[in-house]
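Should a chain be cited, it is by its letter among A, B, C, D, E and F, assigned in written order, with residues numbered from 1 in that chain.
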Amino acid sequence: MNPVIVRKIARADTQVIAKLGEAGVATIHEAMNRSGLMRPYMRPLYPGAKVAGSAVTILSHPGDNLMIHAAIDVCQPGDVLVVALASDSTDGMFGELLAVSCQARGITGLVIDAGVRDSEVIAQMNFPVWSKAISAQGTVKATPGSVNIPVVCAGALVRPGDIIVGDGDGVVVVPREEAEAVASRAEQRMQREDAVRERLRKGELGMDIYGFRQKLEQMGVRYVGE
Amino acid sequence: MNPVIVRKIARADTQVIAKLGEAGVATIHEAMNRSGLMRPYMRPLYPGAKVAGSAVTILSHPGDNLMIHAAIDVCQPGDVLVVALASDSTDGMFGELLAVSCQARGITGLVIDAGVRDSEVIAQMNFPVWSKAISAQGTVKATPGSVNIPVVCAGALVRPGDIIVGDGDGVVVVPREEAEAVASRAEQRMQREDAVRERLRKGELGMDIYGFRQKLEQMGVRYVGE
Amino acid sequence: MNPVIVRKIARADTQVIAKLGEAGVATIHEAMNRSGLMRPYMRPLYPGAKVAGSAVTILSHPGDNLMIHAAIDVCQPGDVLVVALASDSTDGMFGELLAVSCQARGITGLVIDAGVRDSEVIAQMNFPVWSKAISAQGTVKATPGSVNIPVVCAGALVRPGDIIVGDGDGVVVVPREEAEAVASRAEQRMQREDAVRERLRKGELGMDIYGFRQKLEQMGVRYVGE
Amino acid sequence: MNPVIVRKIARADTQVIAKLGEAGVATIHEAMNRSGLMRPYMRPLYPGAKVAGSAVTILSHPGDNLMIHAAIDVCQPGDVLVVALASDSTDGMFGELLAVSCQARGITGLVIDAGVRDSEVIAQMNFPVWSKAISAQGTVKATPGSVNIPVVCAGALVRPGDIIVGDGDGVVVVPREEAEAVASRAEQRMQREDAVRERLRKGELGMDIYGFRQKLEQMGVRYVGE
Amino acid sequence: MNPVIVRKIARADTQVIAKLGEAGVATIHEAMNRSGLMRPYMRPLYPGAKVAGSAVTILSHPGDNLMIHAAIDVCQPGDVLVVALASDSTDGMFGELLAVSCQARGITGLVIDAGVRDSEVIAQMNFPVWSKAISAQGTVKATPGSVNIPVVCAGALVRPGDIIVGDGDGVVVVPREEAEAVASRAEQRMQREDAVRERLRKGELGMDIYGFRQKLEQMGVRYVGE
Amino acid sequence: MNPVIVRKIARADTQVIAKLGEAGVATIHEAMNRSGLMRPYMRPLYPGAKVAGSAVTILSHPGDNLMIHAAIDVCQPGDVLVVALASDSTDGMFGELLAVSCQARGITGLVIDAGVRDSEVIAQMNFPVWSKAISAQGTVKATPGSVNIPVVCAGALVRPGDIIVGDGDGVVVVPREEAEAVASRAEQRMQREDAVRERLRKGELGMDIYGFRQKLEQMGVRYVGE
């Protein structure tokens, strides 16, 4: 429980990570039996923001961004910073300079259970961010924290090296050991959905495709009128 | 109070509905003596989303979208789905496949007191949605509910066949029997506003146009420091 | 404590105001030793909204916009309306007609601890607004209030004539007497940041530039692994 | 939609109302097939507050309590005031003097989707109140509203004469026409629960009493460990 | 704007402070023309908590209670600590040990726009506290702040030496220079209310006492039904 | 990720659990280097509620309490139920009958990231509960979930067998493997606090006891006035 920075973490295969990124948040969450999703208050900073990468986790005191600097130091290209806080805060712990540093180091995104500032510049830089708030509230560099320990971010458990996927629907966390299995289930799911989409487009109903008419009848839902 | 699906509902005249759509949410709400508005947490999924149509109402258990499927089955072209929940939820009860099905059936929009997922695809499809949240949180199809009963959605009473108008300002509900009268009052209001707008543009003040100077004086508001 | 409208207020130098506008919210807030920021729920109505001007303050009863009319009457070109409420409200106290009147009078923006309506038209007019909500909820003109008294808006103290700066990061308030000093400190800060940005872009780390390695060591943060 | 005060309303039988009061909120809500409940932010002002009575409904502008005065005028002994607002507010629209007036007139409680003040005195008077907030924020008497029209209060539809039941679990609304049937179903439910309670007290499990073991098996829930 | 501790502040007359305490929050707020009230999320830690005293103000970084220690050092018996934060936080910045220290020094209460811990012991000590939250979340002593500067606490401006009155209805702030006038207006108000209370108790209506029947008629509120 | 019920879990030593219960939430949280605390919205159902026991964890769909029944089946005397949800809900998933069943089985408390109903009876039974809400909203038994898997409850990670301590300050989670070390550090902390409390009671200041005067000076906090 003492503050610690873990330098080396295991990461998933980059091809698996890429596949998860293509599947997107909603599909992966379903493929994980509807688990792993962060709370919906985590929103992308700008439309079209997308990311898939390995989590480097940060546990910080509210209003203090010292540990983000420490985390960038141990990142590898393709990593995504995941910032969790000891208690609720919306302070702007991340701004343009940190985004410049991240991009210089190949870090591909940020997921932060707090606020970000310099929001317009970061959007122009096309550095994808999911956050709880946009806030210029400045922070200090005065309290210790940890890097690469398991954290709870926006209601989801994130362990270092887990895969983070973010898009317009939010952020989902895939445990590293399950990454390959989830990617493959997601792919199958997309194929099944392609078939259903075609039938729906032609005017067939979910009621008939999925057999919900009987289900409703068994549940005692009554039709009225006509 | 047992779950029921009402197949047939009365709808307002399509020309009246179109007129209400042109007037927009703020004007209609004023023309209804400032009533009928849903709470402001109901936001459009994308800029420019607009809808005016007849409400097909749905009452669902949180985290369960079975009844949305049942509702699409009884809709007509021009209808708008209005989803109310037994208790607060932000789960993503509506996604791309349901949007495809809606468009195939001529349903023109969705108003949901919960979340939606596949938000980027639905925006690209230009299927207008007003929701409480964007969330990939998956749902089940396990509990009964009702279609086309009066519901409370985002603080507003919606009866099947009422007219739903949505735009960038939110969502307003017009009782079906009052639709024509409201449309006509809205039109008059817009004409009055055209005249006032012109005067304001030329630099006249609301203080003078509306006679607020005397009102303030009567209320005892004092001017200081000439 | 009785309602009062103060006609004449002192304003800062327009060149100083312009400099503050160029510095932007995050930089000014830091240059003020991290003070003056409104709470982050104050969001711009549309992307790219920016303003810097002298505050004309308004204290209103919730759901009543009479005093906004009264305030426009005492404004000068370059002023920014700052609307504070006696208690929390999201009602749409400001709409298109008021925006037209503001632009006709040279008022350059609105900061309102409540809601706005006609959001799409106001965005098209490019009249910058920061608000707590978008809501069509109509208001009355029935209760007295004050203009140009000190108010608390979104958690920040605003006195008439203070400088309001708004951008994508929110809204910051600069006390009039400190405007020049803050503008100059902000300028210095931007120059310092230019230098740091360049070093970060080349791959240097904040850890090394700011000397955080020793700080972490002194704090007892331990490195693990490798 | 114009403001109106309805003097005469139909009320349910007092014995039925008394029975509903004995059943309590949770049981009635279940007996109504889990409907009619107000949102859980409606909390009693003091522990032990209980009420069952006929709703006299009020629709008010936020921050204005004029219509509460108007409603007391048309109440009968045994009535419960139900205050709904055009938009969200926590202002203290009801205080000691109104409570004194209510008790003098035989009004037995208050349900208000806003705030109350003089909270300690009202508790000492044992006048039961359910509200969204406790707030001393004073209100005006400047805007018209309605009495005894259908309103939405804390997410529930309330029509004049509906039965309001409040206790430590919140507030539930029973449509007047269904009052007798609901009271009778509630009674049966309580008897069934008496039997189950006894079995549970002796150590039997809900799993066995309700047959959930098979249900879990059918759903594919797997037991692990031994 | 640099951190500063002001040792000496002016305080109001103790007899005036005592009178304000007797009047209570709701009456004082009305006597100040409905101003000075903190937001209603500020709640007493235990039923019956009451305080009236001179504000010693504190501006702290979230999650850091160093400045509370500094403030106790400059307090006098009869003072009330008022803690404001640079940004929103619910951390438990104040606990039993600080309460013991306050009581030893004659400090009579705490108003904190954050959390408190050791809530049960503090209640047993009968040390009155109004806070935003109860939270055990521990804090650090790492960042500077200020004592006895004007602060915004829970939406209200508090200057050092202003009078703080707290009871079951919340917290109100009386500017020091107006203390005597407010106390006297509050006294008159209580006398007027005594008379009205008596009439209401006998069954007279506010409608008649205040002349609201004509007001409603002038506003166009129509009576229906007999 | 498929639903599973784990029958057997490891539990901590009962004497260690008892010691943690005596230390209380705030002390344990500090002894864990300020970690393990649930978010402060988790509040006890009644004043004086206290618990310390081994966590039996439950992951449920919102609005469904089937898995609570399943969990009671695998509990041992001294266990505490910890209910986590797949998404936010305030539904009353736990009521009197479940509380009776828990007490019959020796379960000593409930921590639920949702609502409870029958709040008054449960308080009279003295069955300690920490919840997010009180709500009569009824639930279904229609969807599978898991028992005794790691869950995130109110922002804290809870693994089956971890020690749950709850009191008036909230709920803290102690990892099972650290229980003994934490109990011992908590004891030492209480002894240290006894000594400090005595000094504070006699009028010494935290400023002097902890040496904060120098700290403030080093930080550049300036004293003003005299």
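The criterion applied here is as follows: contacts are C-beta pairs under 8 Å (C-beta built on N, C-alpha and C of every residue); 3 or more make two chains touch, one makes a residue touch a chain.
All values reported here derive from a predicted model rather than from experimental measurement.
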Chains in simultaneous contact with subunit A and subunit D: B, C, E, F
Magnitude of the superposing rotation for subunit B and subunit E (Cα, nearest 5°): 180
Equivalent of A-B within the choices A-F, C-E or D-F, defined by over half of its residue contact pairs recurring: D-F
Interface residue identity across copies subunit E, subunit F - same or different by half: different
Chain centre separation (subunit A, subunit C; CA means) in Å: 31
Distance from subunit D to subunit B - Cα centre to Cα centre, in angstrom: 27
Separation of subunit B from subunit F, taking each centre as the mean of its C-alpha atoms, in whole Å: 42
Multi-partner residues of subunit A (at least 2 other chains): 2-3, 34, 37, 86-88, 90, 135, 137, 143
Chain pairs that touch, as defined at the top of this document: A-B, A-C, A-E, A-F, B-C, B-D, B-F, C-D, C-E, D-E, D-F, E-F
Subunit B-touching residues of subunit D, taken from the complex the two chains share: 1-3, 32-35, 37, 39, 86-88, 150, 152, 155-157, 178
Contact set on subunit A toward subunit B in their complex: 25-26, 29-30, 34, 37, 40, 43, 47-48, 167-170, 172, 193, 196-197, 200-203, 205-207, 210, 212, 215-216, 219-226
Partner subunit A, residues of subunit E touching it in the complex: 61-63, 86-91, 135, 137, 140, 142-143
Sites on subunit D touched by subunit E in the complex: 2-8, 66, 69-70, 72-73, 90, 92, 95-98, 100-101, 104-105, 115, 117-120, 133-138, 141, 143-146
